[in-house]
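Chain naming follows the written order as A, B, C and D, and within any one chain the residues start at number 1.
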Amino acid sequence: MRASAYKVSMRSPEDVSEAALLLDQQTFRAEDVIAILGKTEGNGGVNDYTRGLATLCFQLLLARRAGLPVEQVARRIPIIWSGGTEGLMSPHATIFVREPDRGAPPGEKRFAVGAAYTRDLLPEEFGTRVHAEVAADGVRAAITDAGIEAAADLHFVQIKTGALTTERIAAARVRGRDVVTTDTGKSMAYGRAAAAVGIGLATGEIALARAADVILKDLAVASDVASTSSGVELMNCEVIVLGNARGSTSELVMAHTVMRDALDAPAVREALRRAGLRVECELDQRDRPRLVNVFVKCEPDLSGATRGRRHVMFEDSDVGYTRHIRAAVNAVVAAVTGDPMCYVSAGAEHQGPPGGGVVAVLARV
Amino acid sequence: MRASAYKVSMRSPEDVSEAALLLDQQTFRAEDVIAILGKTEGNGGVNDYTRGLATLCFQLLLARRAGLPVEQVARRIPIIWSGGTEGLMSPHATIFVREPDRGAPPGEKRFAVGAAYTRDLLPEEFGTRVHAEVAADGVRAAITDAGIEAAADLHFVQIKTGALTTERIAAARVRGRDVVTTDTGKSMAYGRAAAAVGIGLATGEIALARAADVILKDLAVASDVASTSSGVELMNCEVIVLGNARGSTSELVMAHTVMRDALDAPAVREALRRAGLRVECELDQRDRPRLVNVFVKCEPDLSGATRGRRHVMFEDSDVGYTRHIRAAVNAVVAAVTGDPMCYVSAGAEHQGPPGGGVVAVLARV
Amino acid sequence: MRASAYKVSMRSPEDVSEAALLLDQQTFRAEDVIAILGKTEGNGGVNDYTRGLATLCFQLLLARRAGLPVEQVARRIPIIWSGGTEGLMSPHATIFVREPDRGAPPGEKRFAVGAAYTRDLLPEEFGTRVHAEVAADGVRAAITDAGIEAAADLHFVQIKTGALTTERIAAARVRGRDVVTTDTGKSMAYGRAAAAVGIGLATGEIALARAADVILKDLAVASDVASTSSGVELMNCEVIVLGNARGSTSELVMAHTVMRDALDAPAVREALRRAGLRVECELDQRDRPRLVNVFVKCEPDLSGATRGRRHVMFEDSDVGYTRHIRAAVNAVVAAVTGDPMCYVSAGAEHQGPPGGGVVAVLARV
Amino acid sequence: MRASAYKVSMRSPEDVSEAALLLDQQTFRAEDVIAILGKTEGNGGVNDYTRGLATLCFQLLLARRAGLPVEQVARRIPIIWSGGTEGLMSPHATIFVREPDRGAPPGEKRFAVGAAYTRDLLPEEFGTRVHAEVAADGVRAAITDAGIEAAADLHFVQIKTGALTTERIAAARVRGRDVVTTDTGKSMAYGRAAAAVGIGLATGEIALARAADVILKDLAVASDVASTSSGVELMNCEVIVLGNARGSTSELVMAHTVMRDALDAPAVREALRRAGLRVECELDQRDRPRLVNVFVKCEPDLSGATRGRRHVMFEDSDVGYTRHIRAAVNAVVAAVTGDPMCYVSAGAEHQGPPGGGVVAVLARV
């Protein structure tokens, strides 16, 4: 199997023109698209409908080009958006494609990608251990789909899950069931947390016995390859797994490390180097064309201070903290790579060390 | 004259406790404070009252400690705040102090600081050539006050000026006079622009003949040491000039360069080096205690793209573009210095190259 | 011709389920839909993509049900959204339908609806006299389409027009052309203003000789039946005309008056009465089922005060003034009708008296 | 005792000029001010510093005019602000004054006002039963201070209490103590709820046995005269009690009822009538000078719908729900009274019926 990836810019959430052009040019076929992961320019919050709009537009494009009904595309290809392109961050999608091999595997591990869907969660299951276990099953299915053999070859596991809305909360109550929170904004954190714990269950980083106790409680329990986001537009888990596999004939390779905090530029450099790119203070000009994308999770330091300096992110009633931190971390990454069009998603509960998160690099060999 | 500077953190806009402690410890005397420049945690917009609150609290502190009426402090000591501490930026004040010499000048130029006030502008003068000329007179007075001899020794010239409000616009109309804009948010840009052109007039970077034509029209005309901000709480110009002077016996030294765009981390490194600090990719750990503060102006790239990648800052009707860019540039600076408590102010019209701005460093020798 | 209208609630911008149900029940046919006018829950600003999402979803629904390609629906049926459902306002669409007559006209004028499209404006034409004239041509076409014979029978003329974006401004500049404003938010006001002046040209309320001079300059020049909104998703004018016509066999009737300011509840009562509904302080309980919808334009009092009391809407850098005023005026209307699901759109430049706007009522006879 | 009240407009949070003018004119004496209750133009959220600024400016004014140290004024006169003047709401303060009698009581009950302070709450007590009991003690003290004899004579009981901040939460944790929530925004709701339950304890509307169980749990348990708000600037309860008393020689009188939901204009009319004012659909023009102020608490309908129509207030990640609902309810009240300068505060947990709240009227006899 030959996995590849194409980063396309978007002039608005409905702009699929760059992807359409690649299809026109037969760079890849619509039938071979396995997943899409991107950033849209909404607020990243409960009422961020840019995600749904971008999903629908990409589904319509792929359906038309593959000659399939939209519904079938929607059931087969996870299209996951993290909302919020604050600061310099540039809206874009990374389109993952799997094609037949064009030769034998090169002997070294190369890029592999897999995807899976889970069942819908009930509002009362949302954010609980059940949610984590459902997510874990999805991750295992996606690992199998990717042909990845060992947990050490996983470099970035993305789950998009749902969120509670006023209507869903009311629906649970009508049935006499309770929900983990009645705050719709807070429910997004529960969704991210449960899915991340699910990733840790699947990778072996988190023990099943702990799953019930830790969700949003013990944030030191984490998966270092997890990236989860949540949005009202769904209630299941959509999973995309990125890593390397022995059988892959891809011309790409994946690597990762974790940022210890929001200012951890050395970790960004290290991840680039692990992917085989030359870096001094910045990514070497000669290797910039080799970089496909950087995928990062982040969050404000929970203590209210970064390196001992107070931040105001948790006190701001006008602008949500996820908006603040995305702007900052995108800038730290882009100052190293020279490219503000990278994937930085906020809300890193159980995803890497508290105050930090995974930084994964996809590069041409 | 011996100029010094103290950076104090603030837990809220009214928190002057760290400054009070320094006064308690006789680190400096209230009578010797010449100016204060800081960042408060408001939105940085028209209705950002954190600036006024912080000003009042510092005035009350200094008045009490110096045994002076508050009104006298308010007339003598410019206290300038740039609102908006997005992302990791940490609210703080830099207190500038001038004391009698404790010895002879060291032979090399050292840090010097001066201040001045101008008259109030009329609403109809606001944002025009008259505004620029009034600002220029203020800058010249502050340069003289600082004892700085040459334009080359200026490294950061800060002006705080006013903004139009619905009431001020109405007042001008009652008198049959027009204003440059009826958009109160936009008037902040006019104020910053006119003040920056005024700085350029005073430094010789901008010719008087051009002053009328360029304001918010030809943004390539700029001063590379200018930093201006605006707020409804005043209608004059308050000026603080930072540089080096032969006669200074300060233990500090000032340097600057310009960031070409928001990602110009090499410029941050260069400014640190010019101030005598050791830097590899990041500020050397050994020299971190020597850094007093970094002062930066920034703005989104006016083309709508940074390094060819679209940004959304001008399209966001929820969060103003100054909030976005401050979060990003503060992170770029802090990733180099390790300290997110630095002064980053947005709205760099006529202040450095379009899309960039001055980066000035104040350090211990 | 028999015009009718159906108000459907929306649980999100992509929720067309209530409309789908009406189609399932054969309440009306997709082929007979002539226009849709609604409120979506975005910010109503430049980056409000809820409008585009709702449009796409309704287009897909109608295309599927009518067996037409989406492109053809998009060219034939104006679907206009005003973004922003602040306060109690409830997201919804009013679907306008035209069917063959089922009998002779009743002798009194009844509800009629017409629609039209104009050509795309160039960025440099946007907000100018050209824009107004293009809009006027569109309104005349829609009046003809509706079969409305006299200007006195017009009760609500809706135009959706475009807005400038950073890209469009840049495109004009590349061609060496200027635009009316480089502030994307401000361009929305220019779009609304030019379209409203165009309506006034078509109704005879505004003389052609004045069109060039008044746009955003003399706001006393206005059309009392105009309602215009703007959004980045288009660059032409889409026109919907609502009124009464002698030839109509509709079971509905239309009426309007103008609110003099945001608190003008008596005007709301008067408009309801003109449409034949019984009102004391509130709409009589018995007549509530007869109300189809209320359509209102509003804006903050430009003086900065309502009835002599200062408002803060123009000073708020966190929340745009259109968001503030929509919440207030929707509440005033809903307190009279008992129904917060009504159409209240802000930005009433040249639409009714300054600080006020049209209030139109569509009711069952 | 002769209680009076003066409503003064504010051009900004630091504007005390109208109050200063009344002092200049000897309308009342600074020494006789017993409490101030007002609306400032912040966001009403965690980082709303307009409240602190207005408090400081009024304290400085009163201290100067009474010849007292600021600290003494701060300990003696509760100055309570509800942040957020959305929509048409006009920033203002109501200054409550108590002077010696100028004659015998008139035989009918007249306006009386009292005030009290409680001790500071610990972060771990915040939002708990302890908080409610501390608040109740404060209310009882204020009732005694006012000379009000029966619970039936209470018409509006205002408590301002604190909120948790990231620092306070951390402080509790350092001591090994837990807090009711780590979400600073949510803590404002807990503060309002605990204080409201405290009011209910003091009035007898809520039984002590229930206090621990109901806070933010059973919202049907409520006090119909409670109005509470919270802000980071304090950690105790400041109490102002408004009602009528037999011994009062005031020329004012107080009355109240409850709004059942946000559109309950009939309740506004009823409260005005109970205070002796003539009302048809709107307050009679002749009685408008007799109205001093209207005091209202409100909240979005918790079901997510008002009168069966979905609202979006709980889904909006850009604008907090308290901002939405204040704009709406202020408009409903102002449409009846003709005056948008009234006190409307949001967050009505345990304050009147769910989705509604108290509406109290202070009027000249």
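What we mean here is this: contacts are C-beta pairs under 8 Å (C-beta built on N, C-alpha and C of every residue); 3 or more make two chains touch, one makes a residue touch a chain.
Quick caveat: nothing in here was measured; it's all calculated off a predicted structure.
Following the contact convention of this document, C, D is the list of chains adjacent to both chain A and chain B.
Annotation: C-D is the more contact-rich of the chain pairs C-D and B-C, by number of C-beta pairs in contact. Chain geometry summary: the mean Cα position of chain C and that of chain D are 39 Å apart.
Between the CA-based centres of chain B and chain C the separation comes to 45 Å, rounded to the whole angstrom.
Listed for chain D are residues 11, 41, 43, 47, 167, 232, 312, 315-316, 318, each touching two or more other chains.
Chain A makes touch with chain B in their complex at residues 9, 11, 41, 43, 85-91, 262-263, 265-266, 269, 280-282, 305-307, 309-313, 315-316, 318-319, 323-325, 327-332, 334-335, 338-341.
Considering their complex, residues 43-48, 165-167, 170, 183-186, 232, 303-304, 312, 314-318, 320 of chain A touch chain D. Within the complex formed with chain C, the chain A residues making contact are 11-14, 41-42, 47, 49-50, 52-53, 56-57, 167, 232, 318.
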